[in-house]
């Protein structure tokens, strides 16, 4: 597999250099692997820090800026960042009101963020953590590492970011973030595997007539392989378990936030067509989509495929969703 | 008694084994993981080598702690905190003495393995590095080579297991039939320990 | 090749339905294949209409909205739209100040827009056209169809759109659009071919160790095949002819606009790394990048690869570039 | 003399040929184009068929004009305006008469081909549909079958040419060695005309 890179070893540093060149408004510490907004320190606002393996761009660095993350810590490709990164980011963005870590639920991320929280605590920074675990393809039981964190991360970061921007205190920002996570569920489908720079070949074989249901965002195979289906069936098959699990929490009778997400190599032409099918299924089931976002936001390198995330919203969440955001990848409002 | 040099050789042999086997570790991490275990450990043990070279620790305990901290600071992923904790806790256990007995080393590694189990929450049979580390460190009571063999055997024994921790657990039954990458690298670590011990003899 | 579609025949209509669902602020005529902003008619502003084959998303429909296009006409995949679409769009967005057609220089687009201009003229709408032809990989001679229109289309649409939004008259908006085009040059590179829904297999074979230099945006092979190279060399090889052709017009001693564009399936991680190399080459050559945009904007379905576009800017162009824009794919300012 | 039904059969035979050969036309459009010629013409001639069926024109001239306008409104790309103009101009030339002579048809098609050359700016040898249409329509002076053969021959003769118009021209010398898709579909058009004429006989 060919890649537009210099070498597998320098991929992350090279991308950070490019990010710095494209976004002079961001503080990019290429050595230390930390991206922060410039105006966080001493702002009095809660700092919002996330991070995870690289390869999911624009998540997370593309979401750093007013109204969303204060800082992001990119690890190696599909490898959680090390604790030093997060404690460095926490120190850089602590405005005096404490820092919230947004952690996707993967063994590595959880352990590394936990160690970082200890380090930051030793530095006198008040740290809270929220674990994102929205992926219904994984059974949440004692016998797994628990549901993975996927598309809901974007909802959590946007809404908690808006709350932090408003000057809400740490406990409230953390509570909101947890509420968004608990209200969100996702399901992902792969039409092709992805290729990591280190491996140089697809992470799994997916024959031409088949797709993988219930994939994560790290090139892991899914729970089940099925014959290829048209977009309208993929929409049914994806939304089924998402709506089922949401219904377990309570009736889905209010407005929802919807993310129709591309895994990286799915053309927007296809993704919009898929979104049309998702919207149709939801309308058929009487679900009111209050806001929809369509695009490649939580990706898996060059994987072809898509995921759907729904979040049960209310007035407050919608207001915070609509609040201005000004990042590399997500921008609206003033 | 084992001096600091012995531990230095252990780490060097581990780094060499990881370098040799990195592609295979990543390959094992593809069907049931995210294809990075080899490059993760390569990055980590390369950093350990340079940390130990640039500022050589003067006791076995200090050396293992530096190695552990370096892994934590450079590996990331699941294996970084786990291997880092293994070595750091073992190092702490060894204290400041410039020489340690095989018995002390064995006890220190047992403490390290317990810390790994505690941090990761995995039990034997969950198809993780513990399935090689556990039997391996237990067999240290017999000999270093027995420990290496037991770890190797433990790694092979992960093939029919269904994963219950780490990324492989997402696959449910589809994780069956593949060897766990972390158990495989744990066998390398204990194999390197046996090599170092035999070099000492 | 698997695709996230219902059927090759319905791809464009399905995508338009999805666009309509995701963007209630747009008027989407699925039957008539026209996307327009709601507030164009009777606005007194110049209408800006573009279009072309589908498969280049977010171009053009993703650029419809305040500060950019008034309307877009998506054809079938890689097939210019038919004249009826553009005359329909012109009628829908004519605010009384005339309409400017932004046409990428392809035989089919040129002929279909020309016929549409005649139709619109017959309807009493004043129409001007600007031809975008920025791709230096094609020699502009009597013996070719002339340079293709690629990345500069985004610059033309953004800057002319800002001028139209300001209420400038048709002749001025057209003159500005032409000036942007004449000041812009592009070069594209493919790491893989793309697959059209109709054909279902890659448009050309590109072995693992090779890349295509000088490709267009329709899955056509490029002018030359070379052994694969690292990103830093691809940056050199791409910028060389762009800077050379720009120098033919005059010294590149002022600020430039830079677009580092992904062809659709190139992960942002790689694209940012590539941008870092582009920025380095330009800095080495003393070129001042005033504004840079990095992302998948002018795509070629699921092609892996990139293109670079430079536009010699001045105060006026930079001011219009910075002016607010509010579209599905490009948003900034208030 | 040829009546409206003759032209109706010509268009039907063309539509059938395009349907049969659509995949091949798209295939030819891949190495030197954008892989859409077959689906473009299939969409166009399917629309022509339904236009002619739902509201059947009552003269050869009207029929060709409807066909041409329908192609312009449904095909897009380069071939839509070009084939649309070919048929529309030929149709205009035929006027309102309900029957036309072979000579009138030949003259009308010559006018149509000239309009194509003018609209697209291509000359013979540029590797376009003109390289089949030109010799084909010229050979109508001999017979319909001769015209079909000449067009077929003209299409084959585009293989060694370097393209100077349309998308294929972007490839420069790399366009050599491939048959032009538009010239190939032009041969289908004139082949269908010969079939219609032979059906008439």
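To keep things simple, chains are lettered A, B, C and D as they appear, and every chain counts its residues starting from 1.
Just so it is clear, a contact is a pair of C-beta atoms (placed from the backbone, for glycine too) under 8 Å apart; a residue touches a chain by one contact, two chains touch by 3 or more.
Keep in mind that this is a model prediction, so the values were computed, not measured.
K.L.:
What is the distance in Å between the mean C-alpha positions of chain C and chain D?
P.N.:
Here chain C and chain D have centroids separated by 31 Å.
K.L.:
Centroid of chain B to centroid of chain D, CA atoms only: how many Å?
P.N.:
Result: the chain centres lie 73 Å from each other.
K.L.:
Per the centroid of Cα atoms for each chain, what is the distance between chain A and chain D, given in Å?
P.N.:
Computed from C-alpha means, the inter-chain centre distance equals 53 Å.
K.L.:
Could you check chain D for residues that touch two or more other chains and list them?
P.N.:
none
K.L.:
Where in chain C do residues touch two or more other chains at once?
P.N.:
As it turns out, chain C has residues touching two or more other chains at 77.
K.L.:
Edges wherever two chains touch, nodes for the chains themselves; is that graph a line, a ring, a star, complete, or other here?
P.N.:
Shape = line; chains linked end to end, path left open.
K.L.:
Under the stated touch criterion, can you name all the chain pairs that qualify?
P.N.:
By the stated definition, chains touch in these pairs: A-B, A-C, C-D.
K.L.:
What residues on chain A touch chain C, complex-wise?
P.N.:
1-7, 10-12, 14-22, 54-55, 57-58, 62, 77, 191-192, 208-209, 211, 228, 230-232, 234, 260, 264-277, 279, 289, 292-294, 296, 299, 301-302, 304-306, 331-332, 334
K.L.:
Would you pull the chain A residues touching chain B in the complex into a rising list?
P.N.:
Residues 8, 53, 75-84, 106-108, 111-112, 115, 137-139, 142-145, 148, 196, 198-199, 203-204, 216, 218-221, 223.
K.L.:
Help me check something: in the complex, which residues belonging to chain D touch chain C?
P.N.:
Those in contact with chain C are residues 26-27, 30-36, 38-40, 43, 72-82, 119-120, 164-167, 169-172, 174.
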